[in-house]
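We call the chains A, B and C, going by the order they appear; numbering starts again at 1 in every chain.
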Amino acid sequence: MSNIPEDLKYVKSHEWVKIEGDVATIGITDFAQSELGDVVYVDLPEVGRVLQAGDIFGSVESVKTVSDVYAPVAGTVVEVNAALGAQSELINSDPYGAGFMLKLKVADASAADSLLDAAAYAAEIS
Amino acid sequence: MSNTLGFRTKRMPEPRLIFEQSNKGRIGCNVPVADTPEVNLAAILGETRSDLNLPEIGELELLRHFTRLSHINYGIETGFYPLGSCTMKYNPKINEKTAGLPGFANLHPMQPVATIPGALEILVGVQDMLKEITGFDEITLQPLAGAHGEMTCLMLIKAYFESRGEGKQRHVVLVPDSAHGTNPASAARCGYDVKPIPTTEEGNTDMEALAAALDGSVAALMLTNPSTLGLFEPNIEKICEMVHAAGGQVFCDGANMNAMVGTTRPGDHGFDCMHLNLHKTFSTPHGGGGPGCGAIGLKSHLEPFLPGPVIRHEGETVIADSDRPQSIGRVSGFYGQFLMEVRAYTYLRAYGKQKMADISRFSVLNANYVRARLKEVLPPAHDRPCMHECILTAEKYKKENGIRALDISKRLIDYGFHPPTNYFPLIVPECFMIEPTETETKETLDEFCDALIEICREAVETPDLLHDAPSTQIVGRLDETLAVKNLNVRWLPTSV
Amino acid sequence: MPYIPHTESDVSEMLATIGASSIDELFREIPEKLRVKPGALNLPDALDEPRLMAHLWSISKKNVNMADVTCFLGAGIYDRYIPASVGAVISRGEFLTAYTPYQPEASQGYLQAIYEFQTMVAELYGMDLANASMYDGATSMAEAAIMSTSIKHREKVTISEAVHPHYRQVLATYCWSMGIEIETLPAVSGGLTDLSANSEGTSCIIIQYPNFFGGIEDLAAAREAADKAGALLVVVADPVACALLKPPGAFGADIVVGEGQPMGVAMGLGGPVVGLFTCKKEFIRQIPGRIVGRTKEAHGDKPGYVMTLRTREQDIRREKATSNICTNEALMALAATVYMIALGKNGMRKVATSTVQNTQYAIQKLTEAGATLHYSSKVFGEFVLSLPKDPAVVRDALLKRGILAGLPLGEFYPELADSILVAVTELRTKEEIETYASALKEVLA
């Protein structure tokens, strides 16, 4: 079974988001990483890029697939997870922690409220 | 269990890299030494290089190296190679002999056109025969491979719309979800936006979705017929009419032409242009992944835009015409894959009028036979007669035994067969795309089907045999993740 | 038909298994009116094998082939010696009749050969890495240009006028279809590229080495010009010349491409030949085409080879792929691999050195015969001669004497209407060069 932490919000395209203050941390879910298999490369945006909710901000590659990743909420990129450059496998081993992808500064801290909660996402992937 | 892969014994050494066999002072060829006066290289060239790290190998060792490598490589002449969508048919030996004639092999592409009437005769001969076989008005042999042919067709379409002042407006190319990846990639190469069109459960183009997608922005529909599901599109005429009514063009992906040779002509179906893979349908050797050879056919309204030079009849002679103001220009360096055209010409003349249809008839017979023999263990994705290839699914072994199509394929290698195409088309889960071609005997097909039936039994009873397969080859399954993460794409003295 | 092995009893047994009464029935999904009766197409009659061979032989005899004349024609395709071992290797059925190594366990032979090919091509060009090959030199260069536009996010490329005219025509076609602008740098007046233009906003500067006129371009200056424009330096290089010249990689070129035909591939009217493609390591994810990588077994320690970085390619990334290219030119790459090994370090140097030596002798003899050397730049194996008579007339007159004198340049460069491009490879002898010179003298008289 996939790990779906209760304290995060989700979108159907399998990204998770956690908003603390005006910063949203974003990554892909445990389900998404297990479907992909070993992640070998992560393409991330430049710091400072402005994203709208639903924008493609990068991609995650395994040996034989590549998936675009979408911003669940709007904001400005303030940090990307540089560790993924050398250790893309962090997405497999710790998708909700060391394997996060980026942080956005959000204008609207309630932007994630309308997204899927853990139960709704679990229903989505079952 | 048979292993048809060359002569190997347990005591035979592992193949080492050629660089590890190098020994200072050896040479593998008696190179010519100039008899002209010696010169001072530095004075003539300026700075020259001091290092050149290429191997030094004697001629016998060189040949043994490649003979060993050939023993760990599988070709059509090694055994059955039912790789779907690739048409791995026998490549007749006489084709190699004719292509090797000095009057073909020793031609320089920049020599005066007046000195190559025989070459032009071959090119125009292939064009004329392909016109008749496909039903198109014109053929060009300029593209160097299938994907290159697709791209050239889209360029013709683009030039056509630009000439009508519709270039900007028509920026969308429709591509079915079952299409080869080269289709959307070729469209993108021509600056088009790609929109997918779904396939129905029966395996046909979704007519409603197509109707909804057709508007003034559509430049073309790229359709593979027979489809990548191995099925003939029964609505093909209607589809072409609909696209034409919306002002668009229809391109036929000719990857599956083998099902149609001598039996039906895509030009008659309503297509405006198509590409052919002479290395599939017309038997030029695949060479381990190229040279491909990509002719294209087109209707006369696209003719002004043909890439140059255009080889055509003029009165009694054949000319190479480069003076064409509306041409899209060159798509390749010279005359296309000329020596492959010699092979295709040889092949076409061997079949001729009398036997040409046998190509499609026996390829379709073989595919339906494999489909019928395997239907109990690997059900067909669609309950319809297939054309030259059949699409089967191994979904139940994944669900019930944790065995994937890939595992079955790898086990086939242990039985001495090259696996079929897996996981394509993308819309059929755990699929096998099996294309036997017309050149295989019933005995070979039976051995292959018996092996697959046995492997499907193993999948249920001894699944580990499949997980660990292949076990008969020089290497077991390779770590592709490591290959990407720890990229090693050239040898360095320290890298091994 | 020997290629279709079915006996009558095979057909009836197979139809019985299928549950069909005839082969025709299997085609029932094709609307009746779209079907042609077998044998109804208007095609020439089938030929048996001896007649087929005789027919092709008689067509081949209508051409003037390079074994019948002495070839001083180059312009991108060269009459070089092909070692006998090349044909022996590439005609082996295991290589000739294989396809792309999708199943690496059953394709280690080819994969290892391509890994060796990549290694040696990268070495010749002095670059970090090479791919598994491209269609030909011209399309390889067009791909390099497009790759530069996607790396630099700029819709313009800059190319020297001294790059092969056919290559520039192919580039023009590719760029037109993608909406990319082309800027051309002048070169005709001095024979070397004039790099003084301000190429700001361009994604790359493309230069040939040696260039179409045979001249050895100043790659250090080209590197500087590219840096000034913030652009990549793309070099189209002759691999044989690079056995002797300082390689483009040593000047900091970003992408180096070229035509591999001079290394063991028949001229064959220009096809099939083989495109070479190399680049700096940092651009590996943007590279078009296939790449072979070394790895090891998933459950063992034996080394092995696979196609790698596959997610760049069309079958996975579809419209977002780095290129639409699918097949490479594997068989011709194998020929080049055998060539590079057969000649090796010393043989390739000898071929390049003999080329330079013969070329210098030809320059001396042909200018003594009444032609003028058009440019004063350093050359490797090719040069431009101005003639006091129409070059096409001279060429045709010499052809009657068994000499293919070179390429009249007026068709490509109106300013060079009085000139001819002459190539001299290692195969030309002192006697052949002297025969050319004396024949030229007579024709010009």
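The definition used in the following text is that a contact is a pair of C-beta atoms (placed from the backbone, for glycine too) under 8 Å apart; a residue touches a chain by one contact, two chains touch by 3 or more.
These numbers come from a predicted model, not from an experiment.
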item	value
Which of A-B and B-C has more C-beta contact pairs	B-C
Chain centroid nearest the full-protein CA centroid	B
Geometric centre distance via CA averages, chain C-chain A, whole Å	45
Distance from chain C to chain B - Cα centre to Cα centre, in angstrom	20
Chain A-chain B separation of Cα centroids, rounded to whole Å	39
Multi-chain contact residues (two or more partners), chain B	480, 483-484
Multi-chain contact residues (two or more partners), chain A	41, 62-64
Overlap residues in chain C, where contacts from two or more other chains coincide	316-317
Residues of chain B touching chain A in the complex	480-481, 483-485
List of chain C residues in touch with chain A within their complex	285, 310-311, 316-317
Chain A residues touching chain C - in the complex, by the definition given at the top	41, 61-66
Residue numbers on chain A that touch chain B, as the complex places them	37-38, 40-41, 62-64, 88-89
